[in-house]
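Next come two complexes, and both contain chain A; in the first it sits with chain B, in the second with chain C.
Showing the complex of A and B:
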């Protein structure tokens, strides 16, 4: 019986591999888009394709209009901050403001060049970037999200299907302007990961796509780093997204609250009250062979070579200095940092004065939490540290206009004042005319690249003196924490007893021989 | 002249040696959990500590039953009589081969100092270790049982370790004192075979 199931297993594996290689998803759909007359035309542009799509999928574009993917905006229900890609600043490429034409290569739409973009346009929704199954659809790097001219739009449109790791990854793997740059837990190694890299997305195993966890309702995808679910709750969610408010993009949705079933591991269920699943089960970041950026110093940008082109230094295939960007460092297969996190993220917004924290950094975002608020758990984060331009007189972070080929573009003319002036004008924000640089840091939650159980963080990596949680305060961790006084007196008393009995013993031996002598 | 007396019965010897092994294993794994050294790894140390603790609980169930049914529990009733003589013996007499002030019999196998030491063991060390140990074992149930309002892990761990240090000190003294019999190995032999050689000249106490 065991042998048979093994054979079935291997046949299944081969079958899955085969379908992966031949790559047709048509078996799961009742519609063959190649047969639709509407798609058998020569499309000249992205919006033309969308016009065809929404003839049948009548609600799709309007659904997209309501999502963060479209608006790049999010109102945090916890602290009422208006965030989202459109509003916040980061310490990578800083902000899409004044750089939309370039940055909207990752917008789910066509034509967002500047502040005049029409957010009500249905035909400007980009269906293909998410529903392409061919891999042939590519957006142009500098054309406001329009596809490259070389793309055969009819071919792509006739082969649409469900989203995949590839379609989501085309933007999310490359956040921050390159493969693996931003997140630390997402890069193109997750396109076809093995079991060791991600136990769920294992391409010849469970083969989860992004949407297996990030389920969508009406095109609204669950799970957001702006308001993640961080705390431990008692609810047991079945893995189905029944309402808009429900977020199923977390471990508990499938595993429940007591996932450690084996008797000898059941104690770990209790750990989950204070520790996020990710803390143990994602032992290291950037494990797939792609380095993630760890620091970025914009203040050193601007060095040009003799021909007037920005200098570039590559080490091990990573750009470590770029005249346009400054100094950059990388990390691969590294331990995350750990913090108390309750799910509320506060951003340093452009209209707020910067606050230098005790650690010497302005926190571009702050993961709030404490051991005592009853809501926080210990989370792994990638902390990205940088030096970025700010206005020392207004005491605010600034919007630099980096992209494009106009007079003010920093990447063309390397003049910070001009670039920031243009950026702030575009954002409608005041600027003193002075640019200086300030140290900033930003945290990113680590959620992906979940290792198989055998590779989870071992007990003594935290239950030890200089372990992973050495900086986590507010809890007693056996093996890490011990009363110094108790240890001192405890060992002292044991030692004195030992010395005492040894001396007593010597006394007896001595008196024994003394008596024999006399 | 000496005579042989059966001091430790079979169950008692079994209980003693099993308990000795378990206690040493508990000390060894316990101090690793405490972070004093790293030998087998935290997870393995915890597993071992738990298993051994439960084994000791089981052993105690039998031992308590045995003590109650045989009346041997009376051996631990403390007495202050001759304590001064015992102290004097260990401080002086033992070096000049003075006669042992206590005569072991079946009915009284512990000398007065031993009785006090064991009493301290039963009344202070064991309760501290066991109370905190149980609390530690069931840490994940505190909330369910409503204990989280009264207990703090740090304090429980603190007193558990206090108990462990007392136990360790007890063990060191105990290991030495077994060499203070008629010969260096006499007590050890008695604990293994059950038979102790008694000097009939020593006073009955």
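Showing the complex of A and C:
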């Protein structure tokens, strides 16, 4: 009976998953947007389209207003840090502050040029960037999130639909200013991945979209990296029925707490207590043929060619030096680094003094965790290392105004002091007038590009002296760890046992012949 | 005046309808799957590297499909560009190529339109030239 109910349970799960996976592909919408008179007009701007959308979708814009996609702000409930794209700095393009006109090409809205942006406007919400199905909707790179003039807004508006890997990817694949630059596990190869690249998103297999895992409630998408869940307690829970339910954007939502079902693999379930699924199942980063950036040295920027234009050096299709950005290195199909992680991420904020860590870097973000806190597991991360501008007198990271064509723009006039002064003024922060450079590092969790089971990390890649987990402390890993004393006494006991057996054998032989003689 | 306005409205609606129809002729997303998982895979294995749609302009791609010549230019049917989207071709590689197997039932002319729509969508002079196909 127990076995039968187990079978019924798993069949049910497979059915639900199948419905989820195939639903987006086979289901047709109940609304044909080409038939809506409101959309059969020539739209002059994005906000005009939104005005038409919200006539029917009356709550949508207000829902968007509450999300991180709109505010670029997030209050971490654990450490009370106010983070989000608007507040943090990184060591790629550093910060959108004072560069909003350019960076908000990836904002889910229209018109965020400066600090005066109206966050209460419903018409400023960009519906099309997420719901375009045509691939014809493109935002302009330097116009505060407004679409390119060449976009036929009526055509796009009449062909809206569910989100896809393409719509999410138009920003998330290109974070940091280019394809695959930032994450290490996300680039446009995931638009059409095969099974080897990602078992879930396989375009001719399960064909997951981003929202299959990152399920939203009221337009609020699950799976924030500002406060991720490193160790999940709930078992299966694919559906998010309420906003207070644990988010489902992690492996256990579908795979449960004992994901390895085959008897010969069940031992691996013990590993899952201390090791994130990603550690074994995402063996390498940037596997889709797109290199990810690994280092970025802003201090070498500023070299111009004879015609006064920024110098550029390309190697293997990658920009390795740019007069506007400095030196950049790349990695492709590479092993991640591993850390203990409990889900708490602490950011180095602009109003905090920088602290150089023992490793010689300022940690722009710190993934907290330890082997003993009961909340951590070993996670794979991409660690991005850079050299970025800071204020040596105030001892703080700074906001450089890089974009635009004004007098202070670094990419136009290559004057760090002017660029930082403008950036700090815009951010309302003090600046001493001196710019220097400091080494920084930032970690990014690796969650995508899940390989087929046959390509998972093999046992001996960790259970060995110089394996992947060689730098992970606080846990005994057979094959890697050994106590010299324990080894000495172990071998001593083995030797004494052998000596004892040999002596005993000789004794038996001797006594045998002795008895025969007497 | 009224007559002019209604004529103008009909004209605009017809224009919008026509442009939508023109765009919808091929499904570029399906074409992308076939291009990346069948065309590119074979090119990497047998022709020494992938060909990005961004290597040609829209006009060059149109010309390529009009001439219908592919690979060794001996003009035999086996080397027609259309052969490589044919059911016969997909059937011949279905055991080693999952995309060909999955897309086996799509009519040849429809699949060809899908591939054309994809290269048109990401050609050198398109709004978003393809980077890594």
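Methods note: the second predicted complex is superposed on the first by the 446 of 518 C-alpha atoms of A that agree within 3 Å, B and C clash if a C-alpha of one lies under 4 Å from a C-alpha of the other, contacts with A are read in each partner's own complex, and residues count from 1 in each chain.
The rule is short, and it goes like this: a residue touches a chain if its C-beta (ideal position, glycine included) is under 8 Å from a C-beta of that chain, and two chains touch if they have at least 3 such contacts.
Every value quoted in this text rests on a predicted model; they were computed, and no experiment measured them.
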> With the two structures laid over each other on chain A, which partner does A:270 touch: chain B (first), chain C (second), both, or neither?
Replying inline: first
>> Contacts for A:478 in the overlay, against chain B (first) and chain C (second): which applies, first, second, both or neither?
In response: first
>> Quick check for you: in the superposed arrangement, does A:203 touch first (chain B), second (chain C), both or neither?
In response: second
> Is A:505 contacted by the first partner chain B, the second partner chain C, both or neither?
Replying inline: first
> Where does A:218 make contact in the superposed view: on chain B (first), on chain C (second), on both, or on neither?
Replying inline: neither
> Should A:188 be classified as contacting the first partner (chain B), the second (chain C), both, or neither?
Replying inline: second
>> Under the stated touch criterion, which partner chain does A:490 make contact with: chain B (first), chain C (second), both, or neither?
In response: first
> Looking at the overlay, what does A:359 touch: chain B (first), chain C (second), both, or neither?
Replying inline: neither
> Which partner does A:393 reach: the first (chain B), the second (chain C), both, or neither?
Replying inline: neither
>> Let me check the overlay on chain A: which residues of chain A are in contact with chain B and also with chain C?
In response: none
>> Give the list of chain B residues in touch with chain A in this complex.
In response: 33-36, 38, 41-43, 46-47, 90, 94-97, 139-140, 152-154, 157-158, 161-162, 164-165, 168-169, 172-173, 175-177, 179-180
> If you look only at chain A, which of its residues touch chain C in the complex?
Replying inline: 34, 40-42, 134-136, 138, 148, 150, 152, 154-155, 158-159, 166, 179, 187-189, 191-192, 194-195, 203-205, 288-290
> Quick one: in the complex, what on chain C touches chain A?
Replying inline: 12-13, 16-17, 19-20, 23, 28-29, 32-33, 36-37, 98-99, 101-103, 121, 127-128, 131-132
> For the complex, which residues does chain A have touching chain B?
Replying inline: 264, 266-267, 269-270, 458-460, 463-465, 476, 478-483, 486-487, 489-491, 493-494, 497-498, 501, 504-505, 507-508, 511, 515
